[in-house]
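Consider the two complexes below, in which chain A is the common component and chain B and chain C are the respective partners.
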Partner chain A sequence: MAAVAGRVPAPSASGRTPLWRDVRVLRILLQVAVVVGVAALLNYLYGNLVTNLRSTGLSPGYGFLRQPYGVDIPGSDFRPGQSVRDALAVGFANTLRVAGVGILLATVIGIAVGVGRLSTNLLVRRSAALYVETLRNIPVFLIIFFMFTVVIQGLLPPITEAIEVLGITVFSNRGLYIPFLEAQANVGVFTAVTGLGLMAAIVVMAWRTRRSDATGAPHHRVLWGLGVLAGVVVVGYLALDQPVALTVPSREGRAVTGGLEVNPSYAALLIGLVIYTASHIAEVVRGSIQSVAKGQGEAATAIGLTAFQRLRHVILPQAFRVMIPPLANQYLNLTKNSSLAVAIGYFEITRVTTSVIGNAAPAPQGFSVLMLLYLILSLGISLVANLVNRRLRIGTR
Partner chain B sequence: MRTTRWKLLAATLLAGVILSGCTSGGDDAGGEETDASSVTGETETAAETASEEESASEEDTAAAAEGGGTLAEVTERGTLNCGVNGQLDGFSLNEGGTYTGFDVDFCRAIAAALFDDPEAVTYTDLTAETRFTALQSGEVDVLIRNGTWTASRDGDLGLQWTQTTFYDGQGMLVRADSEFQSLADMTDTTICVQSGTTTELNLTARMAELGVTYEPLLLPDEEQVASSFQSQACDGYTTDRSGLASFRSSYAEGPDSLRILDDVMSKEPLGPAVREGDQEWFDVVNWVVFATIQAEEFGLDSTNIATAAEDNPDNAEILRFVGAPGEEDADFTSGLSLEPDFAVRVVGGVGNYAEIYERNITPLGLERGLNNLWNADEPGVLYAPPYR
Partner chain C sequence: MTAVATQEYVAPPPADPTPGGFRRDPRTWLRKNLFDSPASSVLTVVFGVLLAYLLYRAARYVFVTGRWEFIRVQLISFMVGPNFFAGGGTLPRLWTALYLLSTLAGVTAGVSAARGRAAGLRETLRRAAPALLGLAVVLSFTRTLTPTLLALGAIAAFLVVRLAVGRLPLTLTRRAWVLQVVLFVAAVWVLTRFQGGAWDSWGGLLLTVFVAAAAIVASFPLGVLLALGRRSSFPAIRPICVGYIELIRGVPLISLLFVGQFALGFFFPPGATRPGNIARAIIMITLFTGAYTAEIVRGGLQSVPAGQTEAAKAIGLSPLRTTAVIVLPQALRNVIPALVGQFISLLKDTTLLTIIGVQELLGVSQLALSGDFRGQLLAPEAFAFVAFLFWVLCYSMSRASQRLEGRLGVGVR
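What follows is the complex of A and B.
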């Protein structure tokens, strides 16, 4: 710096630094330059794309979104005459269904396996290790494909020879049908009543917690909450004259009526994604638990907490803080991996896109819409993760 | 600190300079293309394909949109890049890099016409979903992959189809021991369809018309369809009847375990597709196909075309066709960018239409039907324009 400093001229007569040496001005200029550079690059790339599209005689517009999709969508009341945009909406809902249920299940299994890896019980520890080491080392595509071709299509019988356990389920390689609730009259009111019951249960739980804090009496808040909810639901159910009924699947030839159908492609995709992602989540959980200072666990044991209490009240709350960012990463991976469904015929956004491109929609625009949809999904998950992260962060001043 | 900032600024400026360099570089390339195209003198078609809202910039892009020169590229490269299916027995089957089939023979015919060497072809296996993009982007020069010629593909995709090589229709394949006799019987069934094809559209329309409820199982390739069919996850498989015949002939449990229903759901003209706006290349591919058809009509095949001129000294049409025109039209040239004797190369190297058909399709058990010559005993729709 000395050499540089030697070349710095004395401040001008007015005592002010000239503009071109003013750090504040330069800082702004630099940022403007970067923004202009990035904008120029994007503009160039976009112009290049449009020019090339035109030179190959392709339209650079998004008009294909308004064209009819033309194909039935299994498991929805979509009509073939509806537009590609509507088909994408159905696909998006299906992607959300896989991602949502998948994230929930993968988290539950992942935490169980992760805790299991640190168990003192040899069998549990080794089983958990085996699970993790096997599944995370196989490509997820292979797992999904295996689930579909070998497990679902290979092991389950054809529809005409479906397995009907106790006469209430129909399992075949064409669909898994299970008993489910079916809406009757008054179902709207009943849903509202159930919602009220849920709120009442939460209020009661809060009350039990406050009371316990004040008096030291055991709170039993989960039992109280469930009791209140069950009471409200039962009263509502009787008062509204059975607003929901049980529907049981029954098969006649190839037709199955009643029950809830689980699409085989959906089942294969979900199971594949869940068991794969759970193996990664288990490692995140294990790492986070091990990152909690050893003294914390020893202290918990010293004050007489049981093994479960130690985990529930001392270790996991601290481990969660560390866990959130890598966990969010795994959720993003699961969501993005759901695009592999394209290989097994589950109807989600990637499949809609590839099929419309096969039937004359322009590929660059089709894929740009697809990327935008995945971006929206991923940013949504990141947003939630960041909010949770902020809430769990250790307060600092 | 200060030096770092200056370096950053310099880097940004440098990046800017490079960027502008890129842009002008692109312009230069465009300019060269324009020059090249004005030399070959084919500039009409492409501008017309641009839709109305782009007419403002039409003049700028018209020259670039010409996109010509595929023939020059191919000639310089010395091999033809041909996009095929690769999984379809009888049409294009890739067995460890060795390709056989009806579509493959038309790739070979083009190579024979250009290089007098039917083997000067580089094949690319394409799925239904990637085939058009591969052609648009120039990865392949010609796409001969049982792709159906439709208005929207012709219009929206920037492609054009040459003379149809195979007139097909969509059919339905079921297990031989199943109770289905026609499409109308197939209530509550699951039907396997390859995704991204016109077949899924036709199936939807036809079943709606018949009022038959069914569920489609959309799979990305034929191997998946085969495994789903074997495990009885689907009752039927629908695609072009030629595809079904090919599927049936190579089915693991033997062809007799499968049956093709009589219903025909659609018209499926299959043929080579090329990029739109390159008329020279379009003509080359088109006339190679016509040559195979014309040769059959003349009764010329791979065994006798070499001596056709000596055998038919008085037949002016045949003499023109084999590139040895008689005295009265000795200065005949077609103006196509093909050697005068290209038909001899094509038929000598690969065979005429009948030979290609019998070599590849007859073993599948498919009658020629519509694919007969227009003047055959059971007339079909194959008709080549006169070569004069």
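What follows is the complex of A and C.
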């Protein structure tokens, strides 16, 4: 607590504290001074902004959002005639695409490496340590840049000599094509049916848990849940006459048909972000597993749990609770680092915004929109992390 | 509950599962560590082959196939930037600054030694190994012997100063920070004043380290003030600090650098001289790091027990003195490792200056690949060299921070 209450003032002749030594008055004065100072500074900056915008002939409002964007966005059906606002929406979706897939992959790799660092096998332990200590100490931008200029642009062959692994991929410096699901008729209904199946699975899992709590019989809720989901999906798939089909890319000369095209910039950005963030997540995972008191593991062994049971029921539940805040931090970092795509030409929000600014839109407003979008993303991730955190805490302590 | 808000979660290094104290014969050791179970044996074989192949390829690249003459030609650009000499910089100035900095490092190490935290020779060598390796690699690219001799001289200066300061009485070493500040300012002056080159002509490693150091020094007071404001009991000041911290922490650094580059000029009064490229970048990085430093310091403030404040009040200290003399010193000591972690990530973040056209280490590698070298596919060599330099800097610092963590007992409850 900083600067709270002052020395007890000596009573003056009249028995009352003079105003200039009264702590309550001083506190209010200080706060008023700070608030007025900050407000004056902001007002001054805003005044300068308006004057400067006028003198350079830029409009002080946000009218530029309705102007046409004027450029194509690769990898989307965006037309140059559409507005800046639509371009930002496409950019936002692209940011989410990188951040979502990146978070998923980085978590998987990070957990594997983090657990690997605690392996009893010396070689596995050392390999994981090598991975972490190398990648953690190199700037993420360097990694992304390296992936783009050296690996994607330098190592991948031209389209006529594309790498075709097992005949199902087409990797070239033009683009990466991988097999993917392709929507046929009825795909909307099928998605809805899958959603219903998911809900049914959750209800069944809850029911199994309740039953297990009441009777003590083993619940097997994961098995039951997956079974229900699989049943619904299979029935839906057959009833709706194959709403999704597998599409495999094939190359003839310079043309590629089918498959999912992955933009080379996207691939470079994703790989760079994932391998860098995974090295940090690995440290988080290792730290939280080690933070579980040693006696817990020993006690689990003493009551006869197997190694797997010990990990599943004793160590991991406790480690997971410690893990969430730093893990959320890493997810935030990954999302914010996706802005580095600006240097390698993947059109996420930062790239879109800079090209808008380059197109004579006023810079202060343009960047304020960009920062607002990132704030929304960050607050969203923090919110989810806090919810999970609270849920895990309730009833356990 | 100590909630130290660090950007980077630094955990203590893994304990070696093989207990020391008694020696095992090699066969038992092999069994225990590599062939404990069938699954473990499979892993050993798979990882052994993978690791051996990786190391073979890496060694082959470093010693046989890599075209490192390119680094030799461009070494000066990597170290101080391509425009350093054109901007008025000279080699003697550079070396003088380097000697001043090595004296500074000597004073710092000496102060630490005087407080009885000195390590033995073997331990010191082990700690300095990554830095010495980096220095050796850089020197191996020089064309004459002079830089090597001068560098050895700098190391000697470091050692002499360290020994000398280590012998000084504690009352004097407490004032050593004055000397440290003077030495740092002198090093910058030697490079910039007296018709020297301006910052804007700097580049390469020099710029990377300078921007990081300037930003951390400038952001520290900002961070402490914000943290105190956020923890204070002033209902009107708290939301201002919270708003600033959360706003800055919610956006990526590159967006702030763009603001500095393209929008900051709009906020200056019309007709005022606007700061240069690098100064603007330092301003924005300072504003950015200030918010993160504030969260770290806040963690430190929360870790100081309430009894300390109460005791200070009981002996009649004013609130200001309580904060300055009792709470802050303890809080800051607790968060030194986290601050080092922040410094590491700041150093790595300076690579973003490339995006706004400032030629720091990574930017130089881009420049070196154009012109005469275009189309020779030398990018891997340039990236490898830059990555290696960053690795040496960051790894040394993260090691130092882990050591501090152990010594201060942070994280041990």
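In the analysis below, the second predicted complex is superposed on the first by the 323 of 397 C-alpha atoms of A that agree within 3 Å, B and C clash if a C-alpha of one lies under 4 Å from a C-alpha of the other, contacts with A are read in each partner's own complex, and residues count from 1 in each chain.
The rule we apply is simple: a residue touches a chain if its C-beta (ideal position, glycine included) is under 8 Å from a C-beta of that chain, and two chains touch if they have at least 3 such contacts.
Since the structure is predicted, the reported quantities are computational estimates derived from the model, not experimental observations.
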TODO: Report for A:I138: first if it touches chain B alone, second if chain C alone, otherwise both or neither.
DONE: second
TODO: For A:L49, select first, second, both or neither according to whether it touches chain B, chain C, the two together, or no partner.
DONE: second
Open item on the list: For A:R117 in the superposed arrangement: first (chain B), second (chain C), both or neither?
Closed with: second
Open item on the list: Let me test your reading of the model: by the given contact rule, A:V262 touches which partner, first (chain B), second (chain C), both or neither?
Closed with: neither
- [ ] Considering only touches as defined above, state whether A:V284 meets chain B (first), chain C (second), both or neither.
- [x] second
- [ ] Considering only touches as defined above, state whether A:G345 meets chain B (first), chain C (second), both or neither.
- [x] first
Task: Which of chain B and chain C A:L198 touches, first, second, both or neither - done: neither
Task: Dominant toucher of chain A (residue count), chain B or chain C - done: C
TODO: Please indicate which partner A:L30 is in contact with in the superposed arrangement: first for chain B, second for chain C, both, or neither.
DONE: both
Open item on the list: Once chain A of both complexes is superposed, is A:A360 in touch with chain B (first), chain C (second), both, or neither?
Closed with: first
- [ ] Check chain A for residues that touch chain B in one structure and chain C in the other, and list them.
- [x] 4, 27, 30, 34, 48, 51, 55, 149, 154, 342-343, 354, 357, 363
Open item on the list: Using the touch definition from the top, list the residues of chain C that touch chain A in their complex.
Closed with: 7-12, 14-15, 17, 33-34, 36, 40, 43-44, 47-48, 50-51, 228, 231-237, 240, 247, 249-255, 258-259, 262-263, 265-270, 309, 313, 316, 318-320, 323, 327, 344, 348-349, 351-352, 354-355, 362, 377, 379-380, 383, 386-387, 390-391, 394-395, 398
Open item on the list: Using the touch definition from the top, list the residues of chain A that touch chain B in their complex.
Closed with: 4, 23, 26-27, 29-30, 33-34, 36-37, 40-41, 44, 48, 51, 54-61, 64, 70-72, 74, 80, 149, 152-154, 158-159, 173-174, 253-255, 264-265, 342-345, 347, 351, 354-355, 357-363
TODO: Please give the residue numbers of chain B that touch chain A in the complex, ascending.
DONE: 2-3, 5, 8-9, 12-13, 15-16, 19-20, 22-23, 26, 30, 46, 49-51, 53-54, 57, 61, 64-67, 128-129, 132-133, 136, 150, 152-153, 155-158, 187-190, 195-198, 200-201, 204-205, 208, 215-220, 224, 227-228, 231-235, 275-277
Task: Partner chain C, residues of chain A touching it in the complex - done: 1-7, 27, 30-32, 34-35, 38, 45, 48-49, 51-53, 55, 117-127, 129-130, 133-134, 136-142, 145-146, 149-150, 154, 280, 283-284, 286-288, 290-291, 326, 329, 333, 336-337, 339-340, 342-343, 350, 353-354, 357, 363-364, 367, 370-371, 374-375, 378-379
